[in-house]
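Below are two complexes that have subunit A in common, paired first with subunit B and then with subunit C.
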Partner chain A sequence: MAKILIDERECDVAEGTTILKAAESAGLQIPHLCYHKAFMPEGSCRMCLVEIEGLPKLELACSTQVRDGMKVSTKSESVIEARKGVLECLLADHPIDCPICDKAGECKLQDYYEEYGLFESEFNEEKEKRQKKIEIGKNLLHDQERCVLCRRCVRFLDEVTKTRELGVFQRGVHAEVATYDGILVDNNYSGNLAELCPVGAITDKDFRFKTRTWFLQSRESICTLCSRGCNIYVESHQGFSRFSLPKRVYRIQTRENQMINGFWICDKGRYDYSYLDQERLDKIVVNNSEDPQSWQEITSIVAGEIGRLFHMKRSSHIGLILQSWLSNEELFLIDKIFRNDINIGKISFLDPPEESSDDFLLTAERTPNRRGAKEIGFDLQPADWEKFLEDVDLLFVFASPIKGDTDFSPLKAALDKIEKTVLFASHNHEINSLFDMVLPMSLIAEKGGSLTNIVGSVQGFSPALDAPGNCKPAWQFLVDLAKKLMINFDFYNQFSSPESIREVMKKEIPYFREEHE
Partner chain B sequence: MSPELTDQTKKKIEEIASRYASKEAALLPVLHLVQHEKGFISQQEEKQVAHLLNIKPIKVKEVVTFYTMFNQKEVGKYHIQVCSNLSCSLLGSESLIDHLKNKLGIEIGETTSDKKFTLMTVECLGACEQAPCMMINFDYFGNLDKEKIDNILDNLE
Partner chain C sequence: MTDKILTQHFGLENLFKIDVYLENKGYEAAKKALTDMKADEILEEVKAANLRGRGGAGFPAGVKWGFVPKDIEKPKYLCVNADEGEPGTFKDRYIMTHNPHLLIEGIIITSFCVGIHTAFIYIRGEYEAVALRLEQAISEAYDKDFLGESILGTGFKLDVYVHRGAGAYICGEETALLESLEGKRGNPRLKPPFPASVGLFGCPTVINNVETVSNIPSIILNGAAWFCQVGLPKDGGTRIFGVSGMVKKPGIYELPVGTNLKEIIIKHAGGMMEGKKLKAVIPGGMSAPILTAEEIDISMDFDSLVEAKSMLGSAAIIVIDEETSMLDVLRRVTKFYSHESCGQCTPCRIGNSWINKIVKRMADGNGKREDLDKIIQLANNMMGKTLCPLGDAAAMPVLSIIQKFRKELESYIPLGN
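For the complex of A and B:
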C-alpha cells in the first residue's frame, strides 16, 4: 500500500495505482479525454496534468503511478494554467460547432471549457478545414474537425472487437482518424464508438440531429433482446407541452457492469429499440372490440372462467403458453397460481427460435429470462402443439413483444376450436384478432422485477418508462387474479410490488438467494 | 501496380523479423528495406508487409504515413529534399526552393516527367551548421546557393 496526499486529502491505495485512479477513489475528478477505464493509459490529450511535489514539471495523472509519500496537487496555479493551455490548443483546432453537434450537452471538451477554460480565444488564423461527414461505419459518421485524436475508437477496435477498422494516419496537424482501403466499421459493437468518443467526432446515424441530449431522461434498465442481460440506460424524451413526439425512446446507452457486459453493449441491443414505441397495444380488446372495459371487470371475468373449470374439476382443460419475456417474479406467480393452486397441468413455452450468438455478449437465446424460467422449475421444451391444444377449453398465451419473432402458426388452427382464448400482448399483431380477449401488457422497460441471465445472474430492474395507455405489468394482473380466485388469498395479498414477490421467492426457491445477484 | 516483392526480399524480411521478439517490432526496418528495394511503399506493399509480419495492413499504413521518410508513391531517380526550417530559411532556402521549382519545372511534391527528379521540402536535416542545405537521396549538400545547386544537378546523370 502507498499513502499519498492529493489536494491535502490522504488516500491509501495499492502500489502501482495511477494518480488518476487514486484521485477518483478519493472522490476527486481529474479531467481527461483520452483516458478510459477500459484501456491502458494513452497519455495523448494532456488534460490530466497534475503537480507532484519535488518534480520540476507537471506529470500525467493517467499514467503516473503513485509512490508512498507522494504529494499531488490537482488544483495548483500551474495545473490550472496548464489545463487552460491544453484546452486552448485543442480548441484552436476545433470547429466549436456545438449548436449543431449531437454531442453537445454531454461533450467532455465542452464541459471542460466551462469548468477549466473560459478564456477569450486568441486564435485569429483560419481554422483547418477538414471533412465533416465521412461514413466510417454502417451506423457511424466521422467529423475530422471535431476529432481530438484521443484514439479511444482505435483502441476499442484494437482491443475489444479486434477488428481494427480505424487507424490514425499522417501526423501532427495533418493527423486524422480514418478507415483503410474502404473497409467500414461493421461489427456488432460499432455503436459503442459514438458513445466512447469524448467529443462529437464520431456520431451515430440513428441519433443524428434527432434531439438534444439535455431533453433526454436517462433511466437504468436491462436489455431484453438476448439472454445476456446487458445493463443499459433507456433514454427517453418526455415531449413538449405544445406538441407531442412520435416516440419516447431516442437511444439506448451502455451502463457499466463488470460482471455482465463490462462497458459495452451490442448493436442489436443499441439499435433495435423501436419495439418500445411502435405498434403498441394499449387498450383492452374483447371480442375484437375496444369498447372500454376496466381491468377490474376483466380480472373478474378471467377469474370466473378459471374458477368455473377449477370447481368442475376440469383444471386439466386449462392451457397456458408462456414466453420467457416474463420476469422471475411473474414466472414465480404463474408457477404458484397455475401449477400449485389450480394444477392445470398444461404449461409450455413458445419462445422465439435461437439465432446465432456472436461469441461476445450477444447470446443465441432471444428472450431475456430462459434461465430464470428453468430455475423456477419450468420445462422449456416446446410442446407437441396439436396434442397440447387438443382438449383445452381455456387458453392463456403470453406473446412476444417483437413482431415476427415467434412463429405462432402451430396455434392458429386450434384457436377457433377453443372455447375461450386470452392473449397477453404488448403489441398489435395479426394473431391478436384470433383471440377472444387481448390484454395490454407492460414491457420489461416499463415495470419492475428481476431477470436471470444466461449465466445465472439475477438482476433487478425498475421502470425506465411509463407504461402506455392501459398497459399493466403481468405481475400486477397475476396478483389481482390470484386474489380474485380466493384459493390462497392470504398468500397473494402480501404482494404489493415486485420486490415483495421476490422476497417470498427467495425463501421458497434456494436459487434466488443473494449469491446469484 | 508494381511487381510483387521478390522472394529474395521476402527472405530478407523473414530474417529481419526473426531478430525481434515479435514480428510487429520489425516493422520499421522492414519498411526501410522495402523502400530501398522498391523505392516507395504503396498500398500493395503495405498489404504484403502486413501479411509477412502477421499484422493488420492498417497498422502498416499508420506507420508509413506517420514517418515522412517513407514515400507513398514513386519518386524520381534523384529525391531532392530541401530544408525549409528556421536556420535554412533565414539563410535563403525559400529562394533556393523557388529556383529548384523553376529549374525542374515542378512544384513541391512533384516528379519531373522523365522521372529523374522529385522535389520535396523537409523540416530540418540536422545540419544547421551548413544551412541552407538539402539531401539528394542519401547525400548531404550544404552552404548552398543557386550556382552550387545548378552545378550539383547538372552533374547528375
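For the complex of A and C:
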C-alpha cells in the first residue's frame, strides 16, 4: 500500500495504482479525454496533467503510478494553466456547433470548458476546414472538425473487436481519424463508438437529430435480446405537454458490468429497441375487441375457468405454453400455481429458434431467461404440439414480446378446437386474433424482477419505463390469480413485489441463493 | 595521433570499400572486442569513455546499454538511429557515405557487448543513395565474415538490416522510430516503459545515433582514457560539427568536444561570407535556442550550452547574418514544426499550427501587437507538456527568437495594429 496526498487529501491506495485512479477513489475527478478505463493509458490529450512535488514538469495522472509519500496537486496554478492551454487549443480548431451537435449536454469538451475554461477565444486565424459528415459505419457518421483525436475509437477497434477498421491518417493539425480506403466499420459492436467518443465526432444515425440529451431520462435495465443479460441504460423521453412524441425510447446505452458485458453492448441490443414502443398491445382484448372489463374482473373470469376444471378434477385438460421472456419470479410463480397447486400436467416452452452467436457477447439463445427456467425445474424441450394440444380445454400462452421469429404455426390449427384460449402478450400480432382473450403484459424494461443469464448469473432489475396503457407485469397478474384461486392463499398473500417473491424463491430453490448474484 | 576519430580517413579513395577500410586498421577493434574482451569489459570501457549520445539528448551510451536486462529470454535489438532529420544536421550522412564500415564495426561491438543478434539501421527515406551504400557495405561485411552466423569464427551471430523511413521528422524520436520500424504509424510511445526494457516488438532495445555507434571502435582500440583526453573528462571524444549558413566554408568539421563556437565559425568554417555580418547562431540543430552574435564565445559541449540556456543537440551550427530577417527565420522554424508534429498531443498538434498561422500572418504584413505574447503563451503550453520532446523542440527556438529579437519582430507589425 502507498500513502499519498492528493490536494491535501490523504489516500491509501495499492502500489502501482495510477494517480488518476487514486484520485477517483478519493472522490476527486481529474479531467481526461483520451483515457478510458477499458484501454491502456494513451497520454495524448494532456488534460490530466498534475503537479507532483519534487518533479520539475507536470506529469500525466492517467499513466503515472503512485509512490509512497507522493504529494500531488490537481488544482495548482500551473495545472490549471496547462488545462486551459489544452482546452484553448482544442477549441481553437473546433467548429463550436454545439447547438446542432448530438453530444451537447454530455460532451466532455463542453463540460471541461464550463469547469476549467470559460475564456474568450484568442484564436484569430482561419480554422481548419474538414469533412463534417463522413460515413464510417452502417450507423456511424464522423465529423472530423469535432474530433479531438483521443483515438478511443481506433483503440476500441484494435483491441476489443480486433477488426481494425479505423486509423489515424496525416500528421500534425491535419491528422484525422478515417477508414482505410473507405471500407466501413462493420462489426456487431460498432455502436459503441458513438458512445465511446468523448465529443460529438462520431454520431449515431439512429440518434442523430432525434432529440437532445438533456430531455432523456436514463434508467438502468438489462438487455433481453439474447441470454447474455448485458447491463444497459434505457433512455427515454418523457414527452412534452403540448404535443406527443412518436416513441418513448430514444437510445440504449451500455452500463458497465465487468462480470457480464464489460463496457460494451452489441449492436443488436443497442439498435433493436423499437419493440419497446412499436405495435404494443396495451388493452384487454376479448373476442377480438377491446373489453371494458377491469383487470380485477378479468382475473376473476380466468380464475373461474381454472377453478371449474380444477374442481371437476379435469386439471390435466389445462395447457400452458411459455416463453423464456418471463422473469425468474414469474416462472417461479407459474411453477407454484400451475404445477404444485393445480397440477395441470401440460407445460411446455415455445421459444424462438437459436441463431448464431458472435463469440463475444451475443449468444445463440434469443430470449433472456432460459437458464432461469431450467434452474427452476422446467423442461425446455418443445413439446410434440399435436399431442400436447389434443385434449386441452383451457390453454394459456405467455408470448411476450411476440417477435416474428417464433414459429406459432403448430398452434394455429388447434386453437379453434380448444374451448377457451388466453394469450398473455405485449404486442399486436396476427396470432392474437385466434385467441378468445388477449391480456396486455409489461416488458422486462417495464417491471422489476430478476433474470438468469446464459452463464448462470442472476441479475435483478427494476422498471426503466412506465408500463403503457393497461399493461400489467405477469408476476402481478399471477399473484392476483393465485389469491383468487384460494388454494394456497396465505402463501401468495405475502407477495407484494418481485423482491418479496425472490426472497421465498431463494429459500426454496438453492440455486437462487446469493452466490449466483 | 590525430584528434580525428570518425573522419580521420575521409578523403582516402574508396574508403567505403571493405578492402580499403581493412588496410586502415578496419575491423581491428571488432576483432579485439570479440576475441580478447568480455562483454562486461567493453561496457566498462564505454562507460568510462563518457561517450554521450550524439543524436541530441546527450545521454551516456554506456549507461543506456547498462539498462538492458541481462538475463532475459526475449531477443534484444539494436536500432541505429540514422533518421537524421534535425534541420541543419548532415553529419551522419557523411559518416555513412564515406565510412560505412566504421558504423558496421561499431554495431558489431555494441551488439556483442549487449548480447544482441539483430541490428537495424533506421535511415531517413531521403537518403536513398546512402542506404544503398550501407547495404553494399553490409554485404561486403557478410562476405568477409564480419557479419553472419559466426563472426570471425567466434560463434557470435549478428544480422544487420537497413530500413528506410518514409520522410517523417518524428521518426527520429526513438519510440516513434520503433513504431515505424514495426510497420506502424510513427507516433511516439508513452514512457515508461523505456526501450531498454520494452522496445522493438516489445523486446529490450538499444537505440543509438550513427555518430555515437561509430565512436565505439576507437574507444575499444585506444581505450577510454584516450577518448576522454580528446574531448572533456565528462563529455569524451569529438563532435562532427555541421556548419551551414552564411560562412565561407560550410561543411562538416570534426573537432574535440569543447571547441569554442567562435573558433569553429571563424577559424574552421572560414568566417562570414564576404560582406556579411554575424547576427545569430543556432548551435545544435534547429531545435536549439538561438544565440546572438555576442553569445558565441562558448565551449561546444553539453553542459556549457545548457548553462547558456541553449543546447548542443546534434551539433549542427546554423549561422545567420544581419541581412536575414528574424521573422523569416521564425517562419521557417514554425512552418517546419507545424508540418512535422505527429498530431498525437493536443498542445503540439494545435499549438504549432496556431503559432505557424500567426507567424504567417505577421510575415504577410498583418501582424498585431498582441501576437508575440500569444505565441509565447502557446509555446509555453507546449514546453514540457507533451509526450515526446518534439513539443519542447518546437517551443525552444520560438521562445528564444522572440526573447532575443523581439524589437526586430515588433518592427514588422504595422503601426496601429
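Here are a few things to note about the model shown:
By our rule, the second predicted complex is superposed on the first by the 514 of 517 C-alpha atoms of A that agree within 3 Å, B and C clash if a C-alpha of one lies under 4 Å from a C-alpha of the other, contacts with A are read in each partner's own complex, and residues count from 1 in each chain.
Here is the rule we go by: contacts are C-beta pairs under 8 Å (C-beta built on N, C-alpha and C of every residue); 3 or more make two chains touch, one makes a residue touch a chain.
On a predicted model such as this, the values are computed, not experimentally measured, just so you know.
Once the complexes are laid over each other on subunit A, subunit B and subunit C cannot both fit and instead clash. Of the two partner chains placed around the shared chain by superposition, neither subunit B nor subunit C is touched by A:P382. Put simply, more of the residues of subunit A are touched by C, taking subunit B and subunit C as the two choices.
In the superposed pair of complexes, A:E125 makes contact with subunit C only, with no contact to subunit B. Residue contacts after overlaying the shared chain place A:C45 against subunit C, while subunit B stays out of touching range. In the superposed model, A:G262 lies in contact with neither subunit B nor subunit C.
By the touch criterion defined above, A:G105 lies against neither subunit B nor subunit C after alignment on the C-alpha atoms of chain A. In the superposition on chain A, A:R164 makes contact with subunit B only, not with subunit C. Once the two complexes are laid over each other on the shared chain, residue contacts for A:Y180 go to subunit B alone; subunit C is not touched.
Remark: of the candidate stretches 20-28, 74-82 or 110-118 in subunit B, the one overlapping subunit C after superposition on chain A is 20-28.
Residues common to the contacts of subunit A with subunit B and with subunit C across the two structures: 167-168, 170-171.
Taken together, the subunit B residues at the contact with subunit A in this complex read 43, 56-59, 61-62, 65-66. Of all the residues in subunit A, the ones that touch subunit C in their complex are 41-47, 49, 56-58, 60, 63, 82, 85-86, 88-90, 92-93, 122-126, 128, 148-149, 167-168, 170-175.
If you check the complex, the residues on subunit C that touch subunit A are 168, 170, 185, 187, 190, 338-347, 349-354, 357-358, 361, 368, 370, 374, 377-378, 380-381, 384-387. Considering their complex, residues 164-171, 180-181 of subunit A touch subunit B.
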